[in-house]
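Sharing a structure here in structure tokens format.
Read from first to last, the chains carry the letters A, B, C and D; within each, the first residue is number 1.
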Amino acid sequence: MTQSDRKIRVVLIGGSGYAGFEVVRWLLRHPNAKLVGVFGPSNELGPMEQFYPLLSAQTDLVQELFDADRVANIGADLAMLCVPHKVAMSYVPTLRAAGLRIIDWSADYRLTDAAVYEKWYSPHTDPDGLTDAVYGLPEYYRDAIAQASLVANPGCYPTCSILAIAPLLRAGLIKPDGIVINAISGVSGAGRTPHLKFHFPERNENFEPYGVGTHRHMPEIEQVLSDVSGQKAAVLFQPHLSPMDRGMLCSIYADPVDDVTDDQLTGALVQAYADEPFVRVRTDVLPASKYVATTNFCDVSADMVKGKVVLFSALDNVIKGASGQAIQNMNIMFGLDETTGLY
Amino acid sequence: MTQSDRKIRVVLIGGSGYAGFEVVRWLLRHPNAKLVGVFGPSNELGPMEQFYPLLSAQTDLVQELFDADRVANIGADLAMLCVPHKVAMSYVPTLRAAGLRIIDWSADYRLTDAAVYEKWYSPHTDPDGLTDAVYGLPEYYRDAIAQASLVANPGCYPTCSILAIAPLLRAGLIKPDGIVINAISGVSGAGRTPHLKFHFPERNENFEPYGVGTHRHMPEIEQVLSDVSGQKAAVLFQPHLSPMDRGMLCSIYADPVDDVTDDQLTGALVQAYADEPFVRVRTDVLPASKYVATTNFCDVSADMVKGKVVLFSALDNVIKGASGQAIQNMNIMFGLDETTGLY
Amino acid sequence: MTQSDRKIRVVLIGGSGYAGFEVVRWLLRHPNAKLVGVFGPSNELGPMEQFYPLLSAQTDLVQELFDADRVANIGADLAMLCVPHKVAMSYVPTLRAAGLRIIDWSADYRLTDAAVYEKWYSPHTDPDGLTDAVYGLPEYYRDAIAQASLVANPGCYPTCSILAIAPLLRAGLIKPDGIVINAISGVSGAGRTPHLKFHFPERNENFEPYGVGTHRHMPEIEQVLSDVSGQKAAVLFQPHLSPMDRGMLCSIYADPVDDVTDDQLTGALVQAYADEPFVRVRTDVLPASKYVATTNFCDVSADMVKGKVVLFSALDNVIKGASGQAIQNMNIMFGLDETTGLY
Amino acid sequence: MTQSDRKIRVVLIGGSGYAGFEVVRWLLRHPNAKLVGVFGPSNELGPMEQFYPLLSAQTDLVQELFDADRVANIGADLAMLCVPHKVAMSYVPTLRAAGLRIIDWSADYRLTDAAVYEKWYSPHTDPDGLTDAVYGLPEYYRDAIAQASLVANPGCYPTCSILAIAPLLRAGLIKPDGIVINAISGVSGAGRTPHLKFHFPERNENFEPYGVGTHRHMPEIEQVLSDVSGQKAAVLFQPHLSPMDRGMLCSIYADPVDDVTDDQLTGALVQAYADEPFVRVRTDVLPASKYVATTNFCDVSADMVKGKVVLFSALDNVIKGASGQAIQNMNIMFGLDETTGLY
């Protein structure tokens, strides 16, 4: 397929959540892709503008009942799945059999070891998919993504954490264990299902930790860090909710290997990301959530403080942490310039 | 009863919502009242600190299943009812029969005309209560409150609206119809039941009107304004939600009767509230929600602008609009200084 | 000039405020325009990324000292002026003499009558510019904008107000005087200069009116409503600040002419905006600030309530209320499709 | 002095900042203390209600020009100083000479070693005061506070950090070095001086680290932890700003000494604070800023996670982190029940 000839035809499975909403917006302005169908569960059908009044006059798309045959017959090149884990792996085999390439946003294909997946989630029902899946973090898996039939779009916390830590591990500047990731997220990261925890008067003016020792992003981070660095990494990942819509900041504390200077740390980041379009190594200001909000950038920094390596990384959890990264992966999969439609 | 001798014994019916929570806090610091029991529905039982971790170490009270006999036998002087309409009027007759005085926070006893109540709500099942009930706005019904066996605690929007408008109507400075009340409230006013409308990412950074022409506080406002001014008042009440926890501001536009000056308007407010402990007529700054937040004050102001009378009134919707006003009413009912425990 | 041949060359005067920042972002993603220079006052010079770290890696542009000759020699087609009033009219004559077309965001060229301008602002020093200037509200002045050498980009409040009111005035459905505009804005509308009023702890959880009877957008609204409807319009405009970054909602109350129905009101809005790309007449939901945030849309609605016409209009104050509207005007001035780069 | 006989007479030096405002509110409702004067610098004089319209009708106090003689002659028992460092130590000697006991909120008397103070601040000019000063953290210095003529009210971050860490250090459960304190604060902690950093549109929807390795609360925390545990403690303290008015959460990561269980950790906290009125050891929920907002409580918790000890502590930065703690200290200094006026 020559991209100049025609647009990538995309179907979206699960358009009524925040992830679906955002990817619809990105696809509407993408010059080389076209959203040709949206499908969802029986209790969430209807025009996209009904779920998101912001989309009125921008799209006539209607979320229709998911049916694997219909999706297969729509003539799409790519399916983006924004559905919960377990649901994803129940859809993927059929869609792949129908010849669609897939970007899956759930956790189902992120953990390469089914045993690890099953410890944190539930029995895995698509071992073939698991074998074929590529982890969709372009900065570390670009070549594999380009060829992949199935891309596992990373979690927001793992993207933010890995982009800061990986270069220092690779450069041998920090120890691979004892790494503490103190992460905060805006509330959109918790999804769109109402719950007392996310009720405005409970969340506003409130800052709160959660998931002590139990957050499922912990094994994902360890797997990828180990894979890209060739060392077994161990992290303590601790998330918190900050009273804001969107944005994420990871404050990371690691032990240096021997004597390490600020310059070495920053140098390793600069070297790792010199040619990356969406990672910015900051030395002028510290990363902050608002400096990356509404963009696909991840900002990172590194400093030595009292014998510890202190890293900060910031991204927009619904963009580089989800929808923007999916578009970036799509661009790679279909041979487009990686930044197409992302500025 | 001599107040110096013993404390008012209060039971709270419905402690798990925001209103209940706030009144618990006020009662805990009140020098002459004591909360002796909390009762609720079967699906919301348990220690108060379980609903509100903020209350830990401050109270051991447990919300127990509501049972009229138990409440009657607890030896209380006063029951505060923070339950939905319809539920209130199903509890009140029994509690009154048991000799308790009552402050009811629902709408069930606010509208004196059962026909009006039934048009906006549902059939009224306690006509005797309706006859005896006193509208709990101290600035206008203080004497009757002092004697009342049943006080209908006003809505937040009516309190805020009436305190600004009533003096000008009484003074004959504005016309009784065509009054526009453009009101905004913090989200706590919508209660504690999770719903997509009040999900943090939907509500944050969002300003939205609701209830066009249908808000049930409209007839309540008209009834009280008519009653205190002796003229049939007609208002257009339009509420909005502002992205904040608490606070309320009414911007009110009325037509003057003949020529009216700023001084006459402000003078009427000052005269009306000169001796009121909780209404402040502002000429130094405009009323704003933060100037009254966490207090039982209502701030009001008046100006002539381009031939219209422009009034502002601000209060904390969960205090002067609910819990603080209930405490103020309790103080009056039991012969205490009206400000006891309210600063 | 054929737009397919080359891009519109734009210079920005005043890039360090929020308006400048937003227009830089729009221009960076615009397919047919290119920002070729940024100029500012001596105390605000430096790389754009220094003012806005979000812009790092997206632009190397540096805000340089404003110098009319340099601007003239840069070979630009269009100058966008985001400078305060008075400063604007001191720059405009020179820039026009150098052959640049201009979109000015200040108030200097919005009021067609110099006497009115001088009553609300200061002496006017560019009568020729005032004569030539076209009010940049595309929905009402599209043809003149296309030919204009100088466009006065409207204020955010006037855009939001006029788009709701004008169709009903034109259709003879509402009276031209006694119109009350109760407006709220996010805090970005107050600009980027720190002040106690906009200090986070003063503004957060606060809702506050300001500028009673004195807001300079009042004469602008009246002028445009009068001009487009052929009747002398009189409005009472009352602004408020809501604790949020961006967004604007006008709640408008007008008197109907004789008997008017909801259908007539909505019908007049639908007819006025059937072919407009950026005005949406809402009947599914009420306009709300979040439904238009980050877009160039203005949402409007109309209802009859208790004998009054109630209108709502919402827009993003920094987009349709400023930068997006400027891009829309630029597209019209240079013969592009009006929506280019704006979705 | 018998407290039942008369009230403690308090003067406040520096009433126009947030700390002053809050302590005025606490003193207004305190049954055994009375604010008899407020003094400030020449550019911030006037009625307290002018600085804080919320205080209207609650106090007639006027902030008058600070003059040591006048303060001395006012017949006060206690001076609370809410002035910047350096200013505090220029006032304290005179006030002490006049016989006033003092609670100082600045950093001037917190660091017992003048050399450490001078490294982080400036030359110390009151060595006598430094010798006499008692660190005002009641949970650890209660007896000394009772006798003190000069109390150094702790910083908000140190209070929050120390209350979580100290019991575990004392119990020998964690190592005294390598402790990471990842702290977040609401924006009121930054004071009331407007600055672009704290301008609403810059701060809202933004989460940001600051002061990497340079925050002056680091030596204060280390000094107190070392003092109360008898071991030289070393901490890495990293603060962040969260978009909210008030509230503070410290997420603390420490290395356990040998094998330590959750029960041992929690047990040490429970034992330390069993009789403390304002520290709550949480096992039902994790500490969160909203569970302590508007109260003088500090909530703490401890868990073992992947070989690290993870502590959380939360308090209201303007209450237990400032004004409430000052009142608690005052109660101790004057022989009152420590909780008087603090619920």
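The rule is simple: contacts are C-beta pairs under 8 Å (C-beta built on N, C-alpha and C of every residue); 3 or more make two chains touch, one makes a residue touch a chain.
The shown structure was predicted, so the numbers you read here are calculated from the model rather than taken from an experiment.
Student: Tell me the fewest steps from chain A to chain D, where a step is a jump to a chain it touches.
Tutor: Tracing touching chains, the least step count from chain A to chain D comes to 1.
Student: Could you work out which chain's C-alpha centre is the most distant one from the centre of chain A?
Tutor: Checked the centroid distances; the maximum from chain A is B.
Student: What is the distance in Å between the mean C-alpha positions of chain B and chain D?
Tutor: 36
Student: Which whole number of Å gives the spacing of the CA centres of chain C and chain D?
Tutor: 47
Student: For chain B, what residues touch not just one other chain but two or more?
Tutor: Residues 186, 204-205, 243-246, 288, 290, 293 of chain B touch two or more partner chains.
Student: Please give the residue numbers of chain A that touch chain D in the complex, ascending.
Tutor: 178, 180, 182, 184, 186, 202, 204-210, 212-213, 234, 236, 238, 240, 242-247, 249, 251, 253, 286-290, 293, 303, 305-308, 310, 312, 314
Student: Write out the stretch or stretches of chain B touching chain D in their complex.
Tutor: My answer: residues 28-29, 49-50, 53-54, 56-58, 205, 277, 280, 282, 284-285, 288, 290-295, 297, 299, 343.
Student: Going by the contact rule set out above, which residues of chain C touch chain D in the complex?
Tutor: 18, 186-188, 192, 194-196, 198-201, 203-205, 243-246
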